Amino acid sequence: MPDLARFFRQLYLIRRVEEDVARIYPTDKIKSPVHLSIGQEAVSVGVCEALRPDDVVFGTYRSHATYLAKGGNLKKMLAELYGKYTGCAKGKGGSMHLVDAAAGMMGASAVVGTTIPHAVGYAWVQKVKKSGRVVVNFFGDGASDEGSWHESLNFAALKKVPVIFICENNGYSIHSRQLERQPHANLTERAAQYGIPAERIDGSDTTLVYDKVKKAVDKLRGGEGPIYIECLTYRWREHVGPNEDYGAGYRDRKELEPWLEKDDVRRLGAKLPEAERKRIEAEVETEIKEAFEFAEKSPFPPDSELWTDVYA
Amino acid sequence: MPDLARFFRQLYLIRRVEEDVARIYPTDKIKSPVHLSIGQEAVSVGVCEALRPDDVVFGTYRSHATYLAKGGNLKKMLAELYGKYTGCAKGKGGSMHLVDAAAGMMGASAVVGTTIPHAVGYAWVQKVKKSGRVVVNFFGDGASDEGSWHESLNFAALKKVPVIFICENNGYSIHSRQLERQPHANLTERAAQYGIPAERIDGSDTTLVYDKVKKAVDKLRGGEGPIYIECLTYRWREHVGPNEDYGAGYRDRKELEPWLEKDDVRRLGAKLPEAERKRIEAEVETEIKEAFEFAEKSPFPPDSELWTDVYA
Amino acid sequence: MSDRVMTAAQAMYEGVVQEMERDDTVFCFGIGVDDFKAFYGTTKDLHKKFGPDRNFDTPLSEDAMTGFAIGAAMAGYKPIHCHIRMDFLLLGMNQLVNIAAKARYMYGGQVSVPIVVRSVIGRSWGQGAQHSQGLHGLFMHIPGLKIFAPSTPYDHKGCLIAAIRDPDPTIIVEHRMVHQQRGHVPEELYTVPFGRSRVLQQGKDITIVAISYMAIEAMRAAALLEEAGVSAEVVDPVSLAPLDVDGITASVEKTGRLLVVDTDWTICGAAAEIAAAVMERHPVPFKRMGYAPVPCPTTKNLENLYYPNPKTIAETAYQLVHGKPRTFTAPEATEIIEFKGPF
Amino acid sequence: MSDRVMTAAQAMYEGVVQEMERDDTVFCFGIGVDDFKAFYGTTKDLHKKFGPDRNFDTPLSEDAMTGFAIGAAMAGYKPIHCHIRMDFLLLGMNQLVNIAAKARYMYGGQVSVPIVVRSVIGRSWGQGAQHSQGLHGLFMHIPGLKIFAPSTPYDHKGCLIAAIRDPDPTIIVEHRMVHQQRGHVPEELYTVPFGRSRVLQQGKDITIVAISYMAIEAMRAAALLEEAGVSAEVVDPVSLAPLDVDGITASVEKTGRLLVVDTDWTICGAAAEIAAAVMERHPVPFKRMGYAPVPCPTTKNLENLYYPNPKTIAETAYQLVHGKPRTFTAPEATEIIEFKGPF
């Protein structure tokens, strides 16, 4: 049963964390690139709410939402963005390499398309071990251009591994529209040709995403797989960095409008009793405030950390 | 108009050259791997007969048939197999890297799938120059597993370049059946998803292949492209080397039988008046004999050739 | 001619425009070349000037796009394939190493592959392990490839033009912090030769061979060393393949000491090669500096330890010259000035 | 124990069987591992013995299959990814360099990638430019990867077991001509240490450091040199990353001369690194030998010039020791005996 309050809490948390990241960014306290998910939160929340804690996700450089939706530790995430020793990767990874193995967030890569086969390999082990655990891979419409997409889907289908491919199609790879890189906007139909059940859905509808993924997860736990879901969504801010970029020339603000109307942070919030919504918001604000304070106060890693974690 | 005598001549030439290569192989005069096309000749002949001399083809390590069908020089091919200075690559390339730029055979690579994007790049230039020339790429069902296949088809379709993708599907990659590597035997359907007109045909029927390619070529000369044709065929000998390998355990000789019946060397030969067939055969035999003599008698490259052709 | 002072990025832009005007077969392509960021400004509006076939965006398909360039080059065109990060070349390695570097040889001279691969080292602003790599050491290993790594605006323009006109596959190693360096650039078309190093500063006590951005850091170190009474000769190899071993050795014969500083790892890298090649000819005391032998950390304080800098270069050089340590005080790091985020 | 004499390929087979018996999470995969050729016999019927999930064929998808191995390793399994040619690793470079080598670091220690990559140098029988390459120089350049290149049957088994048990990504550089070498192999499970070289033959006049098949050629050269009164110490690095610089330097300190011979190119290769690392510590006269700096030609007479051989190794060593040339007469080349075609 979808728990709207819980959905709202997660959406609100992610939105507000990223808004604050954007707000703080001009201070140069975060000295590394940030790729914000603002506008795309419903995909991560809908997907991860349908998962068990011991299920596993692989993300991209744009993974603040995925990390938090999967239950990744907020303090460690912000400390990581600040380059602090208390960060999830001790400051060595930054925003593009979020990881929280305990929460099932297995890592994110800054080279587009590279985690797709990782998810397949991880899922194959679950199948062999009959663990019942499910693996999800988040990637974009741009990543779907890469050879690794074809090779990974083919092999996942061949081995029938319990992986869900979540294509977060926000219509752009940096400033290139999908149709500037692909002859047709038919990634779902392409995926289906590998014999993978594939569907294109509105990725701004958290409950819809949840329902689809929940059904997929149930199938996969029973030993079937893989499944592909293309979630249509929209990136509200610039590709990288804290700002909007509707003045840059590659897209018009008009494109944003329908997505603003479908914003589930607002839509789901409005469905909750006001007192409950306010309580959740207050809780989340406190959590965020504490996490930023934690990040601010934490120390940078000692020099010796340069040399650790290369070889075991 | 398909010229059956010409088809037969080309099929017979290729078949007989390769049979003689196989016959001579145990003498160790050819000290490098040979991947014979015996059984697959109809694809190369049907395709290349539909091309103009200034059209261009890119092949694979299994390209004896492609090279000869495109009009590559036989003497230079055999000299190349013998490692001689008079070979098409001066002995530096061997059987896996046949090339005859003057005849439009632009080269063959031993790394599977690598020439697919070359054909796309070459064809793109023809489109930009409006040269009217068409490019053909030969590759296998195995090559279709590679990421370069996906990336190349996507880009060719996006840019609408005049390239014909000829998938020579002989059902195997070395000893692996297609269905051991792909969930479904539907490469044509996959190709179609890129918006490429795609068709699966019997690759043992030279005239059929010719007709299909002829139509494709006419379209492409008019500026449309690309086109994909999957030609079903069968490799009669072992993956590499001169022998049959039905005793190796991975396939049964029964599989070969229908292909023997459809053998166009025999079928087309039988359609010709006997005198004409005999005359063609005799001519070809002389040509082959002379070419082997040429290869035998030619010198090995001088030591100084080690150092040439690296930088211009 | 102070009106001809410009950044290295502007020099690249000027060079490519002039070559595209001169030769219709030259074209640029790669992710983002025709967007408003325009590949660090170096391909700005080339599609408007020369048409959409001569400056175009691509899907994320580094493997096939490298093969596409090779095919276009085989057909007689001159592709300039642009990569915003050198790290992404790893996806094109098979085409670069197994085809581009070998095609003419394995096809017995019948085929040429005159591609230009521009790739930018993305150091600065917390790029981390996968967006900061200089990997020229990998490509120097492969016969058949040519490599430029310019450090001055003058050489940026001259190397680009030389690469475009050359019949061999050429990789240009750029660096986004070098892109912002300013210097004099002649208006006319000119080429910089392959296989010729450049003495950036004469000196007599030690030869510092420094690559790409490290040439700039080495010049800063040389200034520190001068204050300490050490006269450093700073040599920029400019061309990494072929390498000007004779020119570098001549400098070492004069100074009697060698320090190689790279924007790459030293193990099996340019620093190993330059040291070994010089030692084969003229053995002297030497040292190598480069990335710490670890992946690049993101956080600034560790990143500062990861890279050689004017202070550590000066200290290493001083030790080599005098056989004893001396501590140098470095000026403020210029990194953030030379490239500020977010990407 | 003459009954325990076997080929290096047999030693690999024995090692993998024993490890798969010991540890259920170890599995082999790669093109052709479960066919009748069985990856040079080293994976023969493992799927029958251990089930189809523990020895399986794959599509031609080197990039994703490398990523697959990484994902399986992250999930706690121990993949052994088999490549019949080292040349094909170029298609997996992105996963190996950008992920496997960096994952633990960029994920702050939370993730390990204990993959084993077996890759075979395919020299012999006219393999040409794309099927004969040793490319270990590329991988040595990258911190985070470990590399073995054994030359004895003993080390083949011990390196494989060490690689399987190691928590880091390890590449094993094999050579199909070395696969046929015979030697004593203990029955029990044992590991060969990373970072330790092996003295194959003691000597006092010159240290010949020789890698993979070149260790075998160097032993043949040492026999020729002995007849000429030169006592060569032959050192096999075994572990290329980490490299036993101390061990190699100790040998050079004893002999006073160094010759490095590689089955790879020397520019930015293992030969450059070994020479530079030793010279930094203990400068002596030295030389490097490896592939001629060209793509590998197919025809036999040029191929003979492309590779170092006992004769050229002995001549180079003799020149280093005596400062003057001497011509050696080499025994018949053994290549065709060690690997005969067609593939």
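As written, the chains take the letters A, B, C and D, and residue 1 is the first residue of each chain.
In this section, a residue touches a chain if its C-beta (ideal position, glycine included) is under 8 Å from a C-beta of that chain, and two chains touch if they have at least 3 such contacts.
Treat the numbers as computed from the prediction; the structure is a model and nothing was measured.
Farthest chain from chain D, judged by C-alpha centroids: A.
Between the CA-based centres of chain A and chain B the separation comes to 46 Å, rounded to the whole angstrom. Between the Cα centres of chain A and chain C there is a gap of 35 Å. Chain B and chain C, compared by their mean Cα positions, are separated by 41 Å. Shared interface positions of chain A, defined as residues touching 2 or more other chains, are 89, 91-93, 97, 109, 111, 145-148, 151, 154, 158, 181-182, 310.
Residue positions 58-59, 61, 63-64, 87, 91, 94, 98, 105-106, 128-130, 143-144, 293-295, 297-298 of chain C each touch two or more of the other chains. Contacts between chains leave no pair untouched here, as each chain touches all the others. Note for the complex: chain B touches chain D at residues 25, 28, 31-34, 83-84, 89, 91-94, 96-97, 109-113, 142-143, 145-147, 173-176, 180-182, 239-242, 248-250, 300-301, 303, 305-307, 310. Within the complex, the chain D residues that touch chain A are 53, 58-59, 61, 63-77, 79, 94-95, 98-99, 103-112, 143-144, 146, 166-168.
Residues 145-151, 154, 157-158, 181-184, 186, 189-190, 193-195 of chain B touch chain A in their complex.
Residue ranges of chain D in contact with chain B, taken from their complex: 31-32, 35-37, 57-64, 87-88, 91, 125-131, 292-295, 297-302, 305-306, 336, 341-343.
The touching residues of chain B, counted against chain C in their complex, run 56, 58, 87-93, 97, 99-101, 106-107, 109, 111, 114-126, 128, 147-148, 151-152, 154-155, 158, 308-312.
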